[in-house]
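Pasting a structure here, questions to come.
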Amino acid sequence: MGKFPLFPEQASTFAPEVDHLLFFLLAVAAFFTLLIFAAIFFFAVRYRRRSHGELPEVQHGAMTLEILWTAIPFGLTMVMFTWGASIYFREARPPDDALQIYVVGKQWMWKIQHMEGKREINELHIPLGRPVKLTMTSEDVIHNFFVPAFRTKQDAVPGKYSTTWFQPTKAGKYHLFCAAYCGTRHSAMTGWVYVMEPRDYANWMRGGESTGSLADDGAKLFQELACVNCHKADNHGRCPSLVGLFGSTVKLSTGGTVKADEAYIRESILQPNAKIVAGYPPAMPTFQGLVTEEGVLQLVEYIKSLGPSPAALGGAR
Amino acid sequence: MTEHIDSTKTYVLVFVALVSLTVLTTAVAFVNLGDFSVVAALAIAVCKMLLVALFFMHVRHSTQLTKLVLAGAMVWLGILILLTLTDFATRGLAGVPGR
Amino acid sequence: MASHTRTETLALREQFDTEAQQKDASTLGMWIFLITEIMFFGGLFLAYTVYRRWYADIFAVTSSSLNVYIGAANTLVLLSSSLTMVLAVRAAQLGKRKALVVFLILTLLLGGVFLGVKAYEWNQKYVEHHIPGPDFHFEGVAQQGPAQLFFSLYFAMTGLHALHMVIGAGLLIVLIALAAKGRFSASYMTPVDVVGLYWHFVDIVWIFLFPLLYLIDRHLGR
Amino acid sequence: MTPAVDVERETYLNAGHDLKSWLLTKDHKRIGLLYLFTITLFFFLGGAMATMIRLELMTPQGGLVSSETYNKLFTMHGVAMIFFFLIPSIPAVLGNFFLPMMIGARDLAFPRLNLISWYLLVIGGLFAIFAMLAGGVDTGWTFYTPYSTTYSNSWVIATALGIFVAGFSSILTGLNFIVTVHRMRAPGMTWFRLPLFVWAHYATALIQVLGTPVLAVTIVLLLCERLLHIGIFDPKLGGDPVLFQHMFWFYSHPAVYIMVLPAMGVISELVSTFSRKPIFGYKIVAFSSVAIAVLGFLVWGHHLFVSTQSVYAGMVFSFLSYCVAIPSAIKVFNWTATLYKGSISYATPMLYAFGFVGLFTIGGLTGLFVACLGIDVHVTDTYFVVAHFHYIMVGGAIMAYLGGLHYWWPKMTGRMYPEMWARLSAGIIFLGFNLTFFPQFILGYLGMPRRYHVYPPEFQVLNVMSTAGASVLAVGYLMPMIYFIWSLRYGKVAPDNPWGATGLEWKTASPPPLHNFDETPVVTHAAYDYSTVTGEGIDFG
C-alpha cells in the first residue's frame, strides 16, 4: 500500500487560496454537523419516552428562531459565494505574460504543443515560477484537463477553444487526469505535469530534435495548403492580408466587428463563410477535414508571428 | 363552468380578431423593424394566445387555480429560456476563449 | 357503510363525491397536462432561440425559402378549426346533440385540411432537398451546417405539432362516435370540454410556430 | 402461533386474489404494492452493479472487469438507481398508498391513469433491462454529447427510450397527486391541516410536472441526433454540446429534489409521531418544501462550472444554488427543534429519522462546497461529488424510504416487522454507509476522478475502506428484505394505530378496507394534535 496521503500537494498559486476557502467551509460544515448530531443525541436521551401515555406540551414554533436560522445560514453562504466567485473570476482570466501552450484532447491522449515547436503526448514540461496559459480543444468528444495539485480543471470541448491557466510554485511531478467521461479508455487518458527549475527547463527545451518553432511549422503548413496564393503580405491579393491581423478588430460584411482572437482565426479556417471581412467576396474554401486541430493551432501561431498590428500594440490590454 | 355560456357572436368576434392578427403579423414581417421584428412577432403571437386561452378555453370564467397554472407555465418557460441565455449571451465577454 | 354502495356512473366515478368535483378535477387534470406539453415544446423553443441567436442571417435566408402564404393560409385553417371546436363545446353545454356532432366533424375536417397542407409543404421541402440528411443542400447560403440546423428545428417542431394534431384527430373521432350515440348531455360533457382544451392548445402552439419559423426577417426579400 | 385475523374482514388485500385483480387493479393501495415490487427489483439490480464497481476498485489496476464493462456497470448503476428506483420510490410506493388516505379520499383523482403510470414504468424498465442484457450502455447516466450521439457504439437508443417512457410515469403520477390534493380533500382538511407528507409530495409533483417534459424533449433530440446526425448537438454541423448539458440538467437537478423532497415528507411524519409533538414551525416547513421545488429550477448551471459555460452565468448559478440551500437548512433545524421537550421513542422508524437528519445535514453542507465556484473547479467530476450526492440519495432518500416502509408496514400489511432485527439492520446500514462514502470525500479532494476503473496506487487504502463499507451496507440492505417477507406470515398482528400517530390513515383499519374509510372522515383538528389520539400505541420504550 505504501504511504497514502490525505491531502493533495499545493503546487500552484491557486492551491493555497482554494485550500483556505476549503478550510473555512470545512469549519462551518463541522460546526453545524456537530451541532445537529449533538442536539439529536442530547434531545433523544434527555427527552426519551418514559411512560406510555406521556403527552409533551405543545410548542408550535417561534418566528424569531426561524428568522435566526435563516439569516445566519444565508449570511454564511454569501461569504462562501463571494469568496469562491473571486477565486473563480481570477482563475478564468490568464495574465498577459503567460507562457502560451496548446493542448489538443483526442480519444484517450493529450497532445501538447509548445511555442518552440516541441510536442509531447500525455506529458507537460513547464518552467517554475512563470504563469502558463493552456489553450485547449478536442478532436472528438469532451475531455477535461485536470491537475489536482494545481486545483484547476477545464473542459476541452470539440468545436471551440477553452482556456485554463496556473502558475506553478513547486518543482516536481504532478498527476494529470482527464476528468470528463470520454469513453472506453477514459481512465487511461492520464499523464504527468513536470514543473522544472528554469535552468532544467531551458536544457530540456534545447534537447531533442528541434524542428523549428510552432510558428515555423505554421509557415510550412501555410505554404502546403496554398494559403499564400491569396493571402499576400502586401494586401492587394484577392484576400485580406494577415499581417498584423491578430488582436486587431475586423470589420465584417454584415456591418458588425469582431476581435481577431484565436477563436476567430480558427473559425475563419474551418468555416470561412461564418464571418466574411467587409469588402471581400466569400471566396475562401473550407479547410474542415483538410487540416487537423494541431495544424490549425500551428497556423494560428504563424499568423500571430506576423506581428500584432501597430494599433493593437498600443491599444488596451 | 357550465353556468356561463358565451354567445356565438362572441366567439365569431374573437375569431375575426385572430384572423386579422394573423394577417397583421404576416404583413409586419415584411417591414424592416430590425431587432423589433422579433418583438413584434412575439407580441402579436402572445395576443393571439391570450385571445384563444381567455375566450376559447374559457379561462375568463375559470377558477383562480386555472389562471395560476397557466401563469406558472409561462414563468417556467421563461426560466428555461432566460436562465440558459445568461450563459449564451455572456460567452466571451471576459475576453478569454471558452470563458 | 352507506357512503360508497351507490352505483358508479360516467358522470360520477366512485372516488368522487359530486359531479362538479369530478368535472373540476378533469379540467384541472387537462390543464396540468397542457403544462407538461408547454414545457415539452419549451425545450424546442430553447434550441430555436439559441441557434437563431447564433446563426441569425442563415436562419433568415432559410426561413425565407418557406412559402409564407401557404403558412398563413394554414394558420387561418387552424384558427377556424378552433372556432368550430369552441362552438362544438358550446353546443354540448346546451345539450344540442346534432349541432355538437356537426361542429366536431367540421373541426376534424379542418384539422385534416391543415395536415394535408402540411404534407404538401413537407413534400415541397423533400423535392428541394431541404430535408436534413445526407442529400441536404441549400442554395445561396454560406454554411450548410446551420442551414440544416434550421430545417432540423423546422421538421422537429412542425413534426411534433403534426403528431399532436393526429392525436387530436383521433380524440375527435372518438368524441364524434360517442356524441352520435348520445352519450353526452348538458350535465355530462366533460370529455368534449377537455378535448376542446387540448385542441386549442395545439392551435396556440402553431400560433407561435408560424411567426417563429416562417416570418424571420422577411423584409430582406429573397 | 399468531392469532389469525379474527373475523374475515374485507380488506384491499383479500378483495381479489387472481392475477387480473392485481394487474388491472384501480386501487391506489394495490398499485402502491405493484410499484414496491418493481422498484425493489431495480434496487437490487442497481445494488449488484454497485457491488461490482466497488470490487473493481479494490485494486489500482482494477483486474475484475474490462474498461468497457466497467463503463457499462457505472452507467447502468446510475440509470437503474435514479430513474427506476429513487425517482419512483417514495412518491409511487408510499405516496400512492397513503396520500389519498391522509386527505380522507377513497382514491386518487384518476385511478386508471395511476395504473397506466405503473405500466409505463414497467415498459421503460423492460427497455432498460433489454439494453443491459443486449450489451449495455456506456455513456454514463448523463448521456453527454457528442460521445452519446456520435462516438459510443453501445445501446444508447434502447436505454434512452426506456428513460423516455419511464419519464411519463413520473409526469402522470405528479399530475394525479396535484389534482387529488386540490380537489379531493375530506371536509375540514384545509391546506394547513394537511400532513407535511402531503405538502412534500405536492411540491414534488410540481417538479415532476414542470421538469420531466424537458428531459423528454432532450431525449427526443438526442435520438434524432444519434440516428439522423442533424447537428443539433454536433459542433461540426453548427450545434453546441453544452446546450445538451443545459437542457439535461434543467430537469436532472430538480430530479434530485424529486428524490429528496418526499423523503423529507416521510421524516416530518416520523419525527412528529415518535416525539409525540407537532413539527416545530409547521407552516415554515411546509413552505420550505414548495420553496425547494421552485428554487430547484434555477440552479442547474452549477453542473456546468467547468464546461466552458460563461463566467458570469457561473456566478448567477452559484448564487442561486446558495439560495436553494437555505430552505433545506431550515427544515433540518425545525426537525431538530421538534425533538426538544418531546416524548421520544426509539422505534426503528425513528432511528432511520435520526440517521436521515444527520446524514442529510452532511450531504447538504457538502452541497455548499460544490456550489462554491472556487472549490467546485477542483472537486467537480471527482469522488467528492460522488460522495456528496450519495450522502443525499443513500444517506437521505433511501434511509427515509426504509424509515417510511417500517413506519407504514403495519398499516399496509396488517403485520408488525420484528423490532430488534429492524434496529440491528438500521445500525448496520448507518455504519456501512458512512464507511463506504466518507472516505470518498477525501479521495475526491485528493483528485481521484469519477468513472475511473484504474487509479494511482496512493488512492488504494481509501478505496479498500470504501469497498469494505459497501459490503457492510449490502448486508444492511438484505436484512429488511428478508424480515419484511418473514413478517407477512409470522409477524405479530398489527393494531390500527401501533404508533399512536395522528394521520387519517391511522383512523382506519390495518390493512385498510377497499375504500379506505367506512365514512368519509371530517377533520376538525390541526395536523399533529396528539391529544386526540387515545394512547393505545404499543410502547417501544
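Note that the chains are named A, B, C and D in the order they appear, and that numbering of residues resets to 1 at the start of each chain.
Simple rule for what comes next: a residue touches a chain if its C-beta (ideal position, glycine included) is under 8 Å from a C-beta of that chain, and two chains touch if they have at least 3 such contacts.
Just so it is clear, the structure is predicted and the values come from calculations on it, not from any experiment.
*Asks:* In terms of CA centres, which chain lies closest to the overall middle?
*Replies:* Located nearest the centre of all protein C-alpha atoms is chain D.
*Asks:* Going by the contact definition up top, give me the pair of chains with the most C-beta pairs touching.
*Replies:* Looking at every pair of chains, the most contacts join A-D.
*Asks:* Can you check how far apart subunit A and subunit C are, centre to centre, with Cα atoms defining each centre and the answer in Å?
*Replies:* Those two chain centres are 45 Å apart.
*Asks:* Taking the mean of the CA coordinates per chain, how far is subunit A from subunit B in Å?
*Replies:* 40
*Asks:* How many angstrom between the C-alpha centroids of subunit C and subunit B?
*Replies:* The separation of the two C-alpha centroids amounts to 15 Å.
*Asks:* Subunit C to subunit D: how many Å between their CA centres?
*Replies:* 35
*Asks:* Which subunit A residues touch at least two other chains?
*Replies:* If we look for residues of subunit A contacting two or more partner chains, we find 92, 154-155, 157, 160, 162.
*Asks:* Touching two or more other chains, which residues of subunit D qualify?
*Replies:* In subunit D, 182, 210, 214, 236, 240, 242-243, 246-247, 308, 311 touch at least two other chains.
*Asks:* Can you pull out the residues of subunit B that are in contact with at least two other chains?
*Replies:* In subunit B, the residues touching two or more other chains are 65, 72-73, 76, 80, 84, 88, 92, 94, 98-99.
*Asks:* Which part of subunit B faces subunit D closely enough to touch in the complex?
*Replies:* Going through subunit B, the ones touching subunit D are 65, 72-73, 76, 79-80, 83-84, 86-88, 90-94, 98-99.
*Asks:* Show me the residue ranges of subunit A that touch subunit B in the complex, using the header's touch definition.
*Replies:* The contact residues of subunit A facing subunit B are 92-94, 135-136, 154-155, 157, 160-163, 259, 261-263, 317.
*Asks:* Which subunit B residues qualify as touching subunit C in the complex?
*Replies:* Residues 1-2, 5-6, 8, 11-12, 15, 18-19, 22-23, 25-26, 29-33, 37, 41-42, 44-45, 48-49, 52-53, 55-57, 62-63, 65-66, 69-70, 72-73, 76-77, 80-81, 84-85, 88-89.
*Asks:* What residues of subunit A sit close enough to touch subunit D in their complex?
*Replies:* 1-8, 17-18, 21-22, 25, 28-29, 32-33, 36-37, 39-40, 43-44, 47-50, 52-62, 65-66, 69-70, 73-74, 77-78, 80-81, 83-89, 91-92, 107, 140-142, 144, 146, 148-149, 151-155, 157-160, 162, 175, 177-188, 288
*Asks:* Given the complex with subunit A, which residues does subunit B contribute to the contact?
*Replies:* Contact set of subunit B toward subunit A: 92, 94-99.
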